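You will see subunit A twice below: alongside subunit B first, and alongside subunit C after that.
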Partner chain A sequence: MQDKTVSSSKAFDNLKKVGKSKGFSAFTAALLAILLGLIFGYLIMRIASPANSFLGFQMLLIGGFKRIGDVFYFATPILMTGLAVGFAFKMGLFNIGASGQYTMGMFFALYVGFMWKLPDSIHWIVCILAGMVGGMLWGLIPGIFKAFLNVNEVITSIMFNYIGMYLVDMLIQGNAAMYISSKTRTAYLPASAQLPTLGIPHSSVNISIILAITLALILFIVLNKTTFGYELKATGFNKFASAYAGMNDKRNIILTLVIAGAMAGLGGAFAILAPSTIAGSSMTYEPVSVIAANGFNGIAVALLGNSNPIGIIFSAVFISHIQRGGTLASLYGYKPEIIDVVIAVIIYFSAFAMLMNSTVANLIKKRYSKKQSAKLPSADSKEGA
Partner chain B sequence: MENYIIEMLNITKEFPGIIANDNITLRLKKGEIHALLGENGAGKSTLMSVLFGLYQPEKGEIKKNGKVVKINNPNDANDLGIGMVHQHFKLIDIFTVLENIILGVEPNKLGFLQKKQAREKVLKLSKQYGLEVNPDALIEKISVGMQQRVEILKMLYRDNDILIFDEPTAVLTPQEIDELMEIMREFAREGKSILFITHKLNEIMAVADRCTVLRKGKYIGNVAIKDTTKEELSRMMVGRDVNFKVHKKTKELGDVVLSAHNITVSSKIHKNNAVKNVSFNVRAGEIVCLAGIDGNGQTELVSALTGLEKISSGSITLGGKNITKANIRTRSMSGISHIPEDRHKYGLVLDYSLEKNLVLQRYWQPEFQTFGFIKTKAVRSYADRLIKQYDVRSGQGPITPVRSMSGGNQQKAILAREIDKEHELIIAVQPTRGLDVGAIEYIHKQLVARRDAGKAVLLVSLELEEVMNLSDRILVMYEGEIVGELDAKATTVQELGLYMSGAKRSITKENENAG
Partner chain C sequence: MDTFYYLIQNTLPVAIPLLLVALGGMFSERSGVINIALEGIMLVGAFFGCLFVYFVQSTSLDAQGILLLGMLVAAGAGFLYSLLLSLAAVTMKADQTITGTALNMLIPAAILLFSKMFFNSDGITTNKNFYIKEVPLLSEVPVLGKLFFQNTYITVYIGIFLLVLSAIVFYKTKFGLRLRACGEHPHAADSVGINVYFMRYAGVSLSGILGGIGGFFYAVGVMNGNTNGHTGVAGFGFLALAVMIFGQWKPFKILLAALFFAFLRTVAYSIALIPFLDALNINQTYYKMLPYLATMVVLAFTSKKSRAPKAEGIPYDKGLR
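Showing the complex of A and B:
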């Protein structure tokens, strides 16, 4: 009887080990989710234009590899907004205001780029820092509202998306040095304000992707190794227990949203300060009263990356990859709108399936561990009877 | 052949990962009061849910009057005459007593309610059994004891003759318990059969005819009460001898540790004040118990003392230092350890590992962090020490997710954390709620050990036995006021009950004196 219990528990141990490793289950869940998203995306392409669907879909999948520089270039801003959403989410805050923070960051970076005369070597660095400050400001205000007046951060940050966007559009249109009204765009930034390129031909990929990945790693360390991260996650898991333990939730809420805002603001700065592939030009901003899509894409990135900074790096690159492939897939006669729909379907299906999957994975894990504890006594009773 | 009205034969009910009922047989005679005894998690509630049609058993059958019956849902149970008073009442707060009683079996004509005949029937039943209620009172306005009467009337209204009472005395004062016992006896005399679920031995000895004991989902035995003793029943329930009496040495009282002056706390739920002008002291080396029925301001008072809630007036001093305005962490560092009422909501971060929970009050101290970085090794070795010292059992040691631990071990973890932290005062709120006898014994011993070590202990408890056993001094709260201060050695459960129900008070209202 002894032997029997031991062997059966061993078999379950192995199953449990696999189920138990958290990273494993999160990773498989993400892969499964992406697969489901791809299948669904393919079905839509199939419906839209059956003849080209296979080649088109193939391009969607592998097209990104042909534009590896662009994949990373476009991944940078959504990686930053993804961090902005995911980091706040760890504390149980839904930072839907990443768009506004992104726009403010972009404006601050532009302003310093145009209006401040600084030595070439530090101009772009100051621009980046200004962008960070802009984002922080737009994270600080909802943070203060939440901490001191208990106003839901979702409501304030949605409003601040609009306030930020209209404010920035107004300020840019009113500034002759920054805005060229005949083109309805901002002027070209001086070269000193643009970020150093990584030198991949025909691509704007630049140093900011390295900065972004570094920041993700730093946030990972902050979350997992520091007392601040400990408090932040404790508050996210159980705000009553964190209050009971005497954590300063007001300070933590504000600090979290300020950090989140800083990330989104940096995203905006990175996007607008990127070097252009055409000499003598630069990225420009068109004030047309549209909320920055990169902010909302950050939500999908964070969701797919399970709010884990490392996961967010991969999910940002993946989403950027699909978007590049999608652009190329239009070569097979797909209208850009259809491609956008397919991409959106893949991203959101992946993200939602991911959410479902991790719930399912948790359930399975619980079942296994419970089954094991239940199996032993029942084996005993059989022996007894 | 005995005359059984209900037989549950060889019932087995499994849940994913656990066998809640393993081959359990229970036979209920007509006209008897049959107790079902077992610790928390022994499978009592599951068995009753099977009888009430809430769960379907995997194996076994249910017979009524010798005939096999199938109970698929509570309506089937009701048709067979089975009624149940749940531990947590199933009443609609904003409905009247009458509306709650007829809920589900509303008498109607073409869809229009016919309340008149219902009212007559309810009044007749209430008179017949001495279950006084006002049919038009709203549930939210009446006392818990009254709400229980409504639940009982619900069963009677449906002409049930097999009545299940699930832990009915948990919310009652001793006087109300006596009344309930009398009502149960009256039912039995009339030929109704009663199943009485409880883990309180005194009540079983007082009222039951026979008793079926369950332990860890298994059937242990069935005994006639007149042939057994309390000790034997507890041995059957727990599986070993249990020491009911807590041994305490007499202890010299030390200085005043905590003193509260005229504390008033406004209630979050209602408009009125939850704690009204309360003053008391706790001295080193004594266990002071705040007794009272649930919801008489104890929770709010503790929140005020620990800093979770602001007080609207009054002052709090700890060891001579005024902490009225201090925040939670300052109070904690000044020497308040707090074992919270709801361990899942306040005491633990369930998604954190055991080791992270063990440093929940101390992670920021230099011992556990440098420059904001947590010293993983220091945390681990500290956790290892506490786990060993306080015998906290878990699947994977310090890295076990606390969510997966048993309630008793979760509570031990909190206890370890709060006792190991430097403290002068321990505020323990219902520290043994929902725990099995072994864990209760352990926690009682630890609290007494704190007292003997010269610390002050403020215990909030709803369990009268715990109050009588542990405390040196008892403060009784009723409707937000302290209405009595009793010496634990000199008082009786009955006297305590009179204070708890508001029938007696030895401390008069200050405002009345003033006015």
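Showing the complex of A and C:
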């Protein structure tokens, strides 16, 4: 009897070690936030139309498996914007401007795709790089404002979301080669500018998902194995201490936001350069003066992934998965906006999920230790007898 | 001269939402909580205000009476929504910016969902006319009558009244003094017996009330009583934050800043009526970008000597002294 309690308490100790590690608590916190978000979504579905709510919710959860290719196609841009937000988070900067950087990246990629005549083999690569430059530019500006003029990056990047959106819509509408006014959309890109597809039928999934995952891995290495990554995280923990230690915070702020912008810009390029499911056509952009939602979804992705590039890969796929499920839930009469509501609720809870998490963990621990202390005397009494 | 009158008459209904929301932001930030959720709070106010108008517009109620009641509804809705922010940011000590962003994302999606389900549209369209052609007697006054009492909305006078009220509460009451103390040095405030959590709840709630009213006034004065989930309040909540920073977290400076931004926006949308700007033949989109660009320029010059509340953005923790 005693042996059993000893071994179980050992197992409990091991469990406690895992439970105390930072990565694990971030993971459970994310799960808790997701769970609460999904419960909220289900409640809304119950209220909206009780009869179909179970089937609809089921579709929301597992519908994505029926469209695996699409899940990965739609995961690519939010994986990139998620990296854009998460990377800046590591330095304590809130890059809410991923939308504007994304839009600029998309525009630069489109521009090179339509206006530059290049050999087929490198055209799409140049398009991607152009998108990256576009995003970097829109990341550089808030960086300069923050580093040299002490303007809060949140306000700057929000303003540049609007400026970028109006600018891109105007430039596209004014360009006859890119814009078909009768369709109010951009024309199809030439085939040489489109990304090579992965060949999964009925989906637009293409090589960019592989590039995106590679980039996430590179960022992981940069953050954990380089001096720059160390300085960046140190500045995020305590900017005064790191400045005192001689780190060049102005340079680091600008560099971080430029890299973040590059990621979001690549996201825009990846999204727009994809071939669509109809042969010969490609994705198109409709200038409607609305800020790109993928930038904001990137915030959700980054938070769920705890700003860790590896975590962001998984959270991007998850968010894309429930988005596809939400689209399919419209078969049961639910509007796809329900997913946006669920995502917003997930972000809200993940903002204090860590705290909730430790409260729950403490409760369980208390319960467990109570049980244990209740057990121990009984074991002793048995031995005595 | 007529163009000038026209511009002023159109600037005021745009300036009032900015003014009220920026005042709300001031209350919240001076108590120590960054309120980036103002955009969402405005949209909540606009939506519930318009929903109320939608349901009562066919009754025999007077238009201005409906507007006043709608204002109360909007204030209540904004107050309730802002509680979500205080709950997370004050009680749960969560990151204030992230929580605010979540609240900003939630409401447009919820409005689209709700409106598509029940109205089969992207928002709410009302047909009540809140416009005041001229105020009796006062509109006869030379110059001033034309500027302030013709072709206007009652929202302008309510807005000015709320500005004066806010300034009195902020500077002349015990409550205002305590609120400001919590934003500068919460531990000192706590040590003399002020309940920091309560004051922060109060600050955020005031911003919810003012933000909700501001949102409804935006829907009335700028969108003709309509609201929708796609365009929302077109970044006015964020512009209001910029107005607040430009106004250095002080009520009357905020008024001037709000007038400045509103004037720029009005000019941007009425290029065709201003002969010398129209003659330049510049794409109108440039003018639409103007308020945002102006924000950046203004912030670039004012942020260096910013008078931001010292403790803003930091969750208050009694244990840390």
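By our rule, the second predicted complex is superposed on the first by the 318 of 385 C-alpha atoms of A that agree within 3 Å, B and C clash if a C-alpha of one lies under 4 Å from a C-alpha of the other, contacts with A are read in each partner's own complex, and residues count from 1 in each chain.
Going forward, a residue touches a chain if its C-beta (ideal position, glycine included) is under 8 Å from a C-beta of that chain, and two chains touch if they have at least 3 such contacts.
Here the structure is a predicted model, which means the values were calculated and not measured.
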item	value
Partner chain in contact with A:238 - subunit B first, subunit C second, else both or neither	first
Partner chain in contact with A:257 - subunit B first, subunit C second, else both or neither	neither
Which of subunit B and subunit C A:215 touches, first, second, both or neither	neither
Which of subunit B and subunit C A:104 touches, first, second, both or neither	neither
Winner by number of subunit A residues touched, once subunit B and subunit C are compared	C
Touched partner set for A:266, first subunit B, second subunit C, both or neither	neither
First, second, both or neither for A:230, with subunit B first and subunit C second	first
Subunit B versus subunit C as contact partner of A:151, first or second or both or neither	second
List of subunit B residues in touch with subunit A within their complex	14, 16-19, 22, 306-308, 327-332, 338, 340, 345-352, 356, 360-361, 363-364, 369, 372-374, 376, 395, 404
Complex contacts: residues of subunit C adjacent to subunit A	36, 84, 88, 92-95, 97-99, 101-103, 105-106, 108-110, 112-113, 116-117, 229-231, 235, 238, 241-242, 245, 283, 285-286, 288-289, 292-293, 295-296, 299-300, 303-304, 306
Residue numbers on subunit A that touch subunit C, as the complex places them	44, 48, 94, 96, 145, 149-152, 154-156, 158-160, 162-163, 166-167, 169-170, 174, 289-290, 296, 299-300, 303, 335, 337-338, 340-341, 343-345, 347-348, 350-352, 355-356
In the complex, subunit A residues that touch subunit B	225-228, 230, 233-234, 237-238, 240-248, 366-367, 369-371, 373-374, 377-378, 381
